[in-house]
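Both complexes shown next keep chain A, but they swap its partner, so chain B is in the first and chain C is in the second.
The block that comes next holds the complex of A and B.
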């Protein structure tokens, strides 16, 4: 039996001010970091506790109204955009760091805590929180849970699933379940490992226990400037082949360098530079010294134009700020940009970059490359002008072609941005029908009615929910 | 059945499923048979140890795909040609197949240095009674496309499907592995362990082990570069290449072989409490491994439960550890899709 007065019931739970239905108030929620699709939510609710989340979910589930959680809305695949008339639970009020448990090396947080705030809070104790997506100044840990976020340093330290030891989650029925434990070990099925990265389609996280990582005793940041993209790619493979796993191994091509040098943190790269590698090695100080020396040798055997070692922490910070603001810097060389996210086997890096260049030529668009070279996670940035509808279509097609290349080379359609709305049909490129059925069974096991974040991740037929405003392709 | 295509594996397993169904048995898939849990239902044992083909190995990508029956030692011998390996050393020194290690949720002592074994599992090829042959995960080191389904095959003993191939992330083999040991009073060893973590980090393993009737032993193992080992030798003494894990003699299986973990805060307390079990704790991660009588194992399971720890039987009787009812519902629905007739237990 559907409830007709669900909106009033929600107001009783969270207060009138914390239920938004005014079209103007809903407008900012009509898209996230993936701006190619807009869809206005039916309402936005702002709970401030686990019990409020559970109560809101129960009301919506009884009324058969779909819903999803949203943090900062930085998803680059549409994961935080409400489809099928869904209600958004905006968890920004659940933004407290609840406990820093140094003895157990765990920090307990609510889902609305901003990623970078966690590291800032634990730094005085000699720790950091390792996953560091480029959006870490804004993105929240609840979103990181949903997307299994990575970042430059996940090459050595791993992604979100490797750093959450326990989670309190609310199921689609409004039940509260505790998964994992302070010890960070599984007993029985690894539900926690399954739910992290499920793009908010299975549960809503309301409290997270995060593993703290000891700050390394020493680190060395290295910049390698190249005249050829191919040589830079080969140097990446050679570093890994030498048995070196740096903390980070990032690459930018000429167009990306042009953009970041116009941004707020220029490094002073020569204008004719074709590629730059940003490499960081860390660990015990003797390890770092020896490893950095070996990396330098490898770089010099790959026709590097110049190798720079960071001499001060300010220099290191600037190099990283330059890299981490690369996406935003695209706005300085193009009216708009579309970020792709695909993975290839590392050994295929030169081939993949050559094919991306060919795609750019075929569709007559510019593509900048800023990516996590160490793990083969590409982020081609497709530049366009939204006032040109034909160009928008060419960009969308070029993005799809890039994903086809990733799959053809034995890779994946997404390394860290998720499937969301954006790649839902591309799932068929990577998985066969049986494989998708196996994944659909997971969805059914946790959310048989398909109420949680519908229209994401799995390519299935639309369900018969009452619809609000439908998704609109922006052009 | 040793050599065969993916299709022939799937077809053969479909016939095995049919026969098991016909016999009203439960199918128990075994690698080498070390990690067996007792079952109350009649069991058809199916051995996969001959499924040992290398499917794909690209050293530059740090990934490998092999059939599930391949022994870890066989795989590591192949990887060693490229100075790579899968660093999994289980405290009982027993061999595991790749599929067996995944299904039993086995992990080793080097978690402090290399992370949990489950984090290496990139993809699985599985044959299920309900969905046929399926591919889960991917073959690259980073992937978030779709649900991380391989995770629910870790430690669930093949209850959802028979793993036929495993894709793993491999690690470079370190230039040198070196170890040091100390024995004696627990509080002195705990202080020493704390000092070691301050001296260098991360250790490949930092273990405290105890066998009934013998002294507590602290063992530190570093994997890395020679310069670091020289520095550690200056501070800790000579050490040795592969110093023994246990104080006296080799590992002895008791009725229950177990694994688990506990919060770091409770590690010392457990070592003070333990009496009749052989137990090893990895000091950086709180992971445990051991062997005990059934009654001692039950006491330990309760103790760990009371201290926010985890206890899991690797081999031996089912101790009846309960699952949350909400999770039972999710599991039941998954089983309905993957193994609707409960052939796999």
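The block that comes next holds the complex of A and C.
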């Protein structure tokens, strides 16, 4: 049964001011961090509690109107963009840290809490929250839950799924379900594991219990400056092959370095540098000293130009800020960028980078590389100007070719940014007919009408009959 | 208007006070940039909601400081405000209208020593029992000012700070020019004197050219840059004839505006180069003094201070450590507050034109002040007035004060500064 007065019903739940329908109020929601597809939501609702979320969901489901949750809108695959006339539940006001439970090493948060605020809040107790996406200064934990976000330090500490012990979620029918437990032990089927990373297509999280990690006793950040991208890639493989598990192992190429050096946190890299590795080792003090020395030796056997060790915490913070603002800094060298997220086996790094360079040449575009080298998670940044439709087409094609390379080299089309709108068709490249069918069956089991975050992740998902404004490819 | 560098990464969102407060994408820097881009392409899209979103920008520059691509959101919004009337908006928002109503009285009160003396008088009279309430109800006084005047100091000097004769120090180097400002020159005249005393203690000669003017920040934020431009010329001239090599300023808002004077003039305009030389000479007083060799005093750890970082000090000028350095050197114990660099809602005269949002931000600020501190130090008159307007409700609680007042007081108690009746400092 369609309900005509759903908007009025929503206003009764969250208040008139918390339901946006003015076209100019909706316009800024037309995309997230992924700018190749633009689509304006039908309305935006700002609930402030679990009960409000559940009530809103019930109203929308009854009216057969698709919907999705959005946090800070930093998704790089379009996860927080509303397709098919969906309504956005903007959870920005559900941003409270509810409890710091030191005894159980757990922090309880609402989904709209900013990732880095969690670490700041638990720092005085000697803890941190490990998954640290580069957008951590803005992205929210609800989005991290949806995308199973990673980050530089996930090389050693694991990704979001390893750090959420329990979750309270609202289903498409508006039911509230509690999954997981404080002990972080799996009881029965791992429903929580299924939901984390489902890109907002199965449930909306309203409360999360996160695992706290003890701050390491000591750490050392190392910069390695290279004249050859190849040598830097080989050094990465050599470090891991030597049995060292750094806390983080990051790489940037010349074009990326050029951008970040113009940004707010320049490090002072020489202009002719071809590649830089940012390496962090942590643990007990003696262990850190020992490992850092080993890493240095390996770097020197790979024709490194210079090795710098961070001397102060300010220096370390700056090096990381420089790296973590790399995507945004692309604005300084290009009007727009399209970032990819393919994964390859670490040993294939030199090959993958060479092939990406060839693709850039073939399509006559610039590609910068900033990535988590340690776990082979590439982030080629394809630079483009949205006012040039031919260039946009070339960039989309080049992106698809790069993903093909990743699959061919034995990797995957996404490491941490999610499939979203961006890679939905590439899913067919990664999975066979049977896989996709099984995935669609899971989706149907949770959301038979296809109301939750439509048009994302699964190319074969059930579709809602309602088709409002569809995706618009930028032209 | 070039908003092209914004790649929509969203890193600015949590730094924006209006986003933090409302949770609306349109009230975020990224949302504002998006709207400005669309308005640029199609000005007819402007409606009441857009005007409200754009106009709610505090111009606090927090987003500019964190933007990986240096998108000058605050500047772009200022530019939009200046251009809006020419674009034929469908009527000003109450806030923009509020500023336009204030623009003329502000030009009178801030524009000359005569006007400033009137401002000082009115501020003083506003504290008198019967006269006070009457003054705050004058036609040109916006209603929220009735609340705000509670934040001004109890004792307002009877003359401008610029009318002080300063001794010349023997064998000192080139003097520095103290930029006295407008609100600082009148309501916070004592803070200017304290700054002069500290500069003298550091062995620096100070000149106070009478011809200097208000920096013009308020007009700039409100979309009336023509006034700012004419006052900028007077300030540049005053500096050039003063013989000083450095311009010391103790108000964060003024400092930021003075450091951006060159952008007011076309590249071809000869004033551009003069403004550039002026800009290069501007130094915040806390920075200047922290580089001087002021003596280190013993800890008086019983007096706890928390520092509020004014937006135009922390975000626009990148100055955070220096006020703390000076306070610690003067023997104070610091206790940091959460969100010390989130706007208090003052933002020039934002608290007069946007009372609702300003109140929400003030509530937030007050809630973060640690219970045990004696003072909240803020190096900007707007913040001082705004924060004190609430703190005054609890006479036993902390007060808001300029960090240099605290530093001055510590050195005076240590016997290193001896103000005499002539206002001269002996050393």
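Operating definition for what follows: the second predicted complex is superposed on the first by the 472 of 475 C-alpha atoms of A that agree within 3 Å, B and C clash if a C-alpha of one lies under 4 Å from a C-alpha of the other, contacts with A are read in each partner's own complex, and residues count from 1 in each chain.
Assume a contact is a pair of C-beta atoms (placed from the backbone, for glycine too) under 8 Å apart; a residue touches a chain by one contact, two chains touch by 3 or more.
Predicted, not measured: the structure shown is a model, and the values here were computed from it.
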Tell me which partner A:125 touches in the superposition: chain B (first), chain C (second), both or neither. neither
With both complexes overlaid on chain A, does A:135 touch chain B (first), chain C (second), both or neither? second
Contacts of A:325 with chain B and chain C, given as first, second, both or neither: second
May I ask you to decide whether A:437 touches chain B, chain C, both, or neither, giving the answer as first, second, both or neither? first
When the two structures are overlaid on chain A, which partner does A:217 contact: first (chain B), second (chain C), both, or neither? first
Have a look at where A:20 lands relative to chain B and chain C in the superposition and call it first, second, both or neither. second
If you stack the two complexes on chain A, which partner ends up touching A:92: first (chain B), second (chain C), both, or neither? second
Touch list for chain B against partner chain A, complex: 58-63, 83-84, 105, 115, 118-119, 128, 131-136, 138-149, 151-152, 154-156, 171-175, 197, 200-202, 224-225, 227-228, 230-231, 260-265, 285-287, 308-312, 321, 323-324, 326-327, 330-331, 333-334, 337-338
In the complex, chain A touches chain C at residues 20, 22, 24-25, 27-33, 35, 44, 46, 72-74, 90, 92-93, 95, 112, 114, 117, 135, 137-139, 260, 262-264, 325-332, 335-337
For chain A, which residues are in contact with chain B within the complex? 103-106, 147-148, 150, 154, 158-159, 161-162, 171, 175, 177-178, 181-191, 193-194, 196-198, 202, 214, 216-217, 237, 240-245, 283-284, 286-287, 289-291, 343-347, 372, 375-377, 410-419, 423, 427, 430-432, 434-439, 441-446, 448, 457-458
Given the complex, residues on chain C that touch chain A span 4-14, 19, 23-26, 28, 30-31, 34-35, 38, 45, 47, 49-50, 53, 65-71
